[in-house]
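Each of the two complexes below includes chain A, the first together with chain B, the second together with chain C.
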Partner chain A sequence: MWDAIVVGGGLAGWIAGIRAAQRGKKVLLVTEGVGTLFYFSGIFDYGDVEGLRHLPKHPYTLFDSQAILQGQHFVQEICPEYVVSDQPQTAFTVLGSVRQGDLMPRSMVLPNRQAQGRFVLLVPEGLKDFFPEIVAANMTREFPGWQVSVKKMQVEALAEWTRLGKSVSSIDYAAIWRSEAGQRALAQEIEGIKRQYQEAGKSSSQVVVVLPSLVRGYFDSSRTKPFRNEFSLPVMEMSSFVPSPHGRYFAEYLKHTFTDLGGELMIGARAVSINGEATVEGQAKTCQELIVHSMGKSLRLKGKKFILATGGLLGGGIKVSMARKSITEGVFDLPLYVPNEWSGPKFFAPQPFTQAGVETDEFQRPLDPTSGQVVWDNVHVVGRMLAHWDPWTQRCGGGVSLTSGYVAAELI
Partner chain B sequence: MREIDTQVVVIGGGATGVGILRDLSLRGIPALLLEQGDLAHGTSSRFHGLLHSGGRYVVKDDKAAQECIEENRILKRIAAHCIEDTSGWFVYLNGDDPNYLELWIKGCAQAGIPVKEVPLEEAFRLEPLLTRKAARVFEVPDATVDGFKLLWANVKSAEKYGGNYQTYCKVQSLWLEQGQVVGAYAEDLITGETIQVRSKIVVNAAGPWSSEIAAMSGFDVHIQKDKGALLVFNQRMFKRVINRLRTPGDGDIFVPHETVTIFGTTSQTVDLPDDHQVNEQDVTDLIEIGHNLAEEIEQQRVVRAFAGIRPLYESVDASDHEGRGVSRNFSLIDHEKKDGVRGLVSIVGGKLTTYRLMAEKVTDWVAAKLGVQTVCRTAEEPLQNELATEVWDKARQLLGVAAADKMMERLNEQAESVVEAIACQPLLGQYVCECEMVTQAEVLHALQDPSIHSLDDLRRQTRLGMGTCQGTYCTYRATPMIQERFGGWERTVQEYQILLSERWRGITPVLWGEQLRESELARALFLNVLNFKVEESEG
Partner chain C sequence: MDSRDELAARLDACQKCSVCTAQCPVAKVNPHFIGPKGLGPDMERFRMGQIIQGETTLDDCSNCKTCELTCPSGVKITEMILNARRAARQAPNSNPLSLKLRLRGYVLGRAEYLGKLGVIWPSLTNQVLKIKLVRVALDRALSISESGPLPAYAKPLKLQGDKGEKLGASARKQVVYFPGCYTRYNEADTGRIMIKVLEHLGYKTIVPNFHCCGLPLEANGQFEQAHKNGLYNLELMRPYLEAGLPIITSCTSCGLTMKEDYPKLQTTSAQLIGTQTYDLFEFLWQLYEKGELPLDFQEVKASYGYHPPCHLKAQGIGTPALRILGLIPGVKIRNLDAGCCGLSGSYGFKAEKYDKAMKIGSTLFEAINVGAGRGDFQGMTTECGVCKVQIQHGTGLLTEHPVCILAKAYGLIN
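Up next, the complex of A and B:
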């Protein structure tokens, strides 16, 4: 019997699991895959929290400001590279344009735009889905006082590969940067840039080297990092494109953090249904066990509390069948809020379907949207499965997921 | 104002128009084709991609059936690179009308369409998704045809023989002098310039827009605009074209195409020549009917829905005036006979399979008027020259067989420069579009074409954005090339938005299942990872 079983290994699930484990609870996290973390840019957005709290039923209405702040500090606590700041922080997108972000690794935070300096964009040969000329042009436009130059670099291990016209994904390069040889190559390259400036008689003091997805943020307790090299110039990294190196290593980092705290993990396991009943007729039901399919076997897992973190439409927690004959949540078969209008004509505008999800009470327990009654009294819903929000147009994906995961863990 | 002198103006850059341009050019008659949008933006790209054997028409319209089988044979010869000779099946289900079956078999024999019955067991083995309600299966020489490729091939061939065309050039009025049409006035939609074209003859080949063109001079050409909706599935459900053996109706054709299946259609009379919107009801109705031929249709992923307008011609004596009742034959309207005005001919009705024949008839008429004796050669002269095996081998070495063959078919004679570019700079061999295996070098090549004015035009030439991702990854990957060609970051962002909005129109009627996930991923990428601006909702 676990104190809590978390279903789903995305951002909200990991946060809930880690916080519960940190509080000394016996926690099991069951996940089928890696969730949508592989699309993670490396930056958490909170959006206009106060504005969003005024939207009826937005998940932020479930939390007080204190909880939102605690969630932010919790991220900083488990991953000190993430900086909480009162000031708006900005970072480069993979296109070299500037985007705001509420919580980002120190190594991504952009310097003052009013100041002057030099960016040297260091581009490894054959990097897939990366356009140095576009990036440099956008950087120049965004930082008028800064000089931007592009420096290409070759990694010996990949020289033959790129010569044949093969591209290298940023995931592969990130793995190389984490190896001893990769770190050494990078350090040498950066030392070379520094020397070049010195030989030309220019000061290298305002030179900042910019790298696509270096992923420095999750080094310390991740076991994939053998050692850490210091570079002779300040190095900044851009946020990730997909598949995202930040997402990959952050997921790994969260996994280690969780297991280090004693959390138990079951990967490749699909939660399919639950058993539970109402102790009193007409009252909320209590879930006793979760039925999980894993490696051809069916397992029954007993828990006191259950956290549903299977994601929404993108993550696969909500399934929509052909012609929308059915829209379902696959584990608890929870009743869902489904908007009447499904989509709007503009692709980049807010879309009604994004609001689909589970409505909850203030303890994130699922409600029946028609009766308003709590359906399960020991189930808490977190992350994208919650109804009435859109991470992309409201820019609060990280905020809702982190806060809901953190708060749910406090309820265990 | 720009003034141009030519012999013949062809209005409309669909299959018929470019077919006429090629035929005129092959006969040495100077001609200019004017198209209001991009080539193939209308009906010629908005159909199921079926090269009819004629089987569909044998019972009701034997003339159309005969034309189809003849043209089917000709096109397989002259346009082999645009056609996949899949063959097609007509499937008679338990409970379908046996009288129709009898008439159909007789009709095929009369029209000269070879029919071979396929034993049921064999049929189920070859096409596992075929309904078990099938009672009899007949094979006919149906095939699939790529409307885009066919159009480009015609236009390139016409150019070689001196034909000219101008896209984004909208005809504003016909130029009448003393009871004769002597040209047309058009507006260049890119520059805003007015163009005055003087010619001996004007050919109205504007498909669903034919009524509008004729009406410019007060003539009445009654086109029934019949909208057909189609669904695109993200894989080949069948290896062959699958027809239902019954009186032609909605939702009875599945056509395998490259990596997808196109399923349709519906039939609905509409008012506007560009009413391409598909509503959800059309889609649910189609899927419901689709169960008859493919019981597992609901397990399949629908990528998008689209619609085209059949420009059906109602001649005065037709007895049945509704949708599929109207003949699929084409008519040549000599406005001298009809309206007493010389120099104008309209070509209406027909179908893509018979585009060449329609072009031949029109060009015969034009040639007679101009006193040109040269005979038609379009039934013999291939649209594409044999490609040098060295180029082909080199492409296969550089890109692998699958990607190389697809590219060679798309580019044919122009492939050589693309292959050279990749040989010199191997990184140009990276894919921009992984679904259709389109390389950077090929996109760069396409962008050199001055008739490409937008990312959407590029899509029609390269198939970029037509696969499963519906433009999410491939448009992103084309960024440096788009910026280089169209200039400036803002324009690049705008091009993304236009293309993705256009794709979105086709996705919204089928917004469920894996395609819905794909759309959410696209929104995440553009709005979050790439930080594009959120648009305001309407209303």
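Up next, the complex of A and C:
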């Protein structure tokens, strides 16, 4: 018997699992694959929290502002590279333009735009989908007081890739930077840049090296050597194209944090249904067990509490059939809120379908949208599965997922 | 088949997100390998148009199944690649492998025959395999890497028939043990310890004369023989399956084959094998949940790093060994989960793949060396025999099957 079974290994699921395990609970996290965290930029967006709290059914109305702040501090606690700040921070996108974010690794935070300095964009050979000219042009436009130059570098370990003319993904480069040899190569290259400035008689004090996908933030000192910050110039990193190294290593980091706290991961298993009944006639049902398809057989997993973190349309938690004949939640078969209009004509305008999901009470327990009654007493819904929000136009994806996962774990 | 499976079975489920290739241990170290997305769903479109790649291209996949576990859309990538290899072998105009590589496939695929030969005089075999010249000769003649950690042979596991005893519910508690070639010929001690543990639990273990499960044959392109082995083993299991006996394995790759491939075979017992096959610790956990697992543990003061084998993960049962070992007072375990060890059955024994296999395993080796160096743990534990061989080869740290720790707790071994 588990204290809690978390269904889904995305951001909200991991946060719920880690927090519950940290509170001494016996937690099992069941996931079919690695989820959509591989598309994560490294930056959490919270959006206009106060404004969104005025929307009648937005998930933010389920939490008090204290809980939202606690969720942020929890991220800082488990991954100290994230520093909670009351000032909005900015970072470079993969195209060199500037975007705002609410919680990001220290190594991504941009310096003051009004100041003056030099960016050296360090471009590893053959980096896939990376266009240094466009990036440098955008950086120059965004930072008018700064000089931008491009420096290319080669890595010995990837010589064969270069010879074949094969591009290297940013995830592969991130792996190189995390190795002993890679760190050494990078340190040498940066030392070279510094010397170049010094030899030209220029000061190197305002030089900042910009590197795609260093992913310094997610080093796991319990398993591998901690990142040694031995560069002779300050290094900043930008976000990357998907599949993103930030996402990959953050997912890995969350997994290790979870299992080190005693949580168990069951990957490659698909949750298909649940069993449970009402203890009192007419009251909400209590879920007793989760049925999971493992290879060859079904497993019956018994738990006290269940957290549904299977994601929305993108993550596969909500299934839409051809011509929208059916729109369903696949594990608990929960009633969904589905907007009358599915989509609007303007692609970038708020789209109604993004609001589809499960409506809940203040304890994130699923509600029947017609009767308003709680359906399951011991089930909490977190993350993208919640109804009435839109991560794309409201820019609050990280905020809702983090907060809902954290708060649900407190209820276990 | 439900709608999700149908969708996944179809090629169109692949959204080209490349997450599988980003996670592929082979693509990371081999620039000539186009990765699971390329070799699986991308090239599948060409294969549908009867454009068949040569076996050597397909052969780079180590069959670890990380891509299938990773795919956010449930695409059966490894299965696609294996089917393509099958097609490449049968294609009329295919460019055949050199005789040397075919011969190697024949040898490495037959871990079973090698085992039968090796255990005739294990100490002699082991001595011979230690001779540098022999390894150089194997490398030249068969492209079996002279540096690869070929496992040693030992006194084989004894078979145990059912002696005509009554099978099934009314009979005394029985299980069928599928030891797998590695346990049977290379490390029968693990098998004997497991039988002792089951005996302690009140179970009689039946060990029929099984053939190799077929996985190494498949991995080395011997598809027909793999199919034959599957049918043979299922026929041997039939009376036990029909009597409702659990089939237990201590090898995660045999377990995966029996759960994933055997149910697809065209024979009646194929319908039972999936639900009745258990990884040893999966079985023990089930007993624990029913309150039938004796908890008379002695304290075991020891700490281990744990490596979850790829083929355990692919079974989708979590890490039951950690659950059971967590019940033993004194035992401390850290789940490293630092990726594939690289050996992948016989992949790392191949001359052109040895270095790559070692590179694949380097993340795991580093995690082990750092953890052990800091005193987090003294030894390693993992269910898979060849992972164990590779870990010992890559780090020098003593590695044992988790059942050995359990046997110590029951006081069955020292």
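Definition applied: the second predicted complex is superposed on the first by the 404 of 412 C-alpha atoms of A that agree within 3 Å, B and C clash if a C-alpha of one lies under 4 Å from a C-alpha of the other, contacts with A are read in each partner's own complex, and residues count from 1 in each chain.
Keep this in mind: a residue touches a chain if its C-beta (ideal position, glycine included) is under 8 Å from a C-beta of that chain, and two chains touch if they have at least 3 such contacts.
If you're wondering where the values come from, they're calculated on a predicted model, not measured in any experiment.
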| item | value |
| --- | --- |
| Simultaneous placement of chain C and chain B on chain A, clash or fit | fit |
| First, second, both or neither for A:Ala137, with chain B first and chain C second | first |
| First (chain B), second (chain C), both or neither touched by A:Gln283 | neither |
| Partner chain(s) touched by A:Gly316 [first = chain B, second = chain C, both, neither] | both |
| First, second, both or neither for A:Ser149, with chain B first and chain C second | neither |
| Which superposed partner A:Gly344 touches (first chain B, second chain C, both, neither) | first |
| Touching partner for A:Ala175 - first (chain B), second (chain C), both, neither | second |
| C-alpha centroid angle, chain C to chain B via chain A, nearest 10° | 90 |
| Partner chain in contact with A:Leu164 - chain B first, chain C second, else both or neither | both |
| Touched partner set for A:Pro243, first chain B, second chain C, both or neither | second |
| Lowest C-alpha to C-alpha distance for chain C against chain B (Å) | 6 |
| On chain A, positions contacted by chain B and by chain C | 36, 39, 164, 166, 242, 316, 321 |
| Contact footprint of chain C on chain A as seen in their complex | 28, 32-36, 38-39, 158, 160-161, 164, 166, 169, 171-172, 175, 222-225, 242-243, 248, 255-256, 259-260, 264-270, 292-297, 299, 302, 315-316, 319, 321, 330 |
| Chain B partner contacts - residues on chain A that touch it in the complex | 36, 39, 41, 45, 93-95, 97, 99, 126, 128-129, 131, 133-134, 137-138, 141, 162-167, 239-242, 312-314, 316, 320-324, 342-351, 353-354, 391-393, 395, 397 |
| Residues on chain B engaged by chain A in the complex (per definition of touch) | 280, 283-284, 287, 297-298, 302, 398, 422, 425-430, 476-477, 479-480, 483, 489, 497, 500-501, 503-505, 508, 511-513, 516-517, 520-538 |
| Partner chain A, residues of chain C touching it in the complex | 3-4, 17-19, 21-23, 28, 31-32, 68-74, 256, 258-260, 263, 273-275, 277, 289, 313-319, 322-323, 334-338, 363, 366-367, 370-371, 376 |
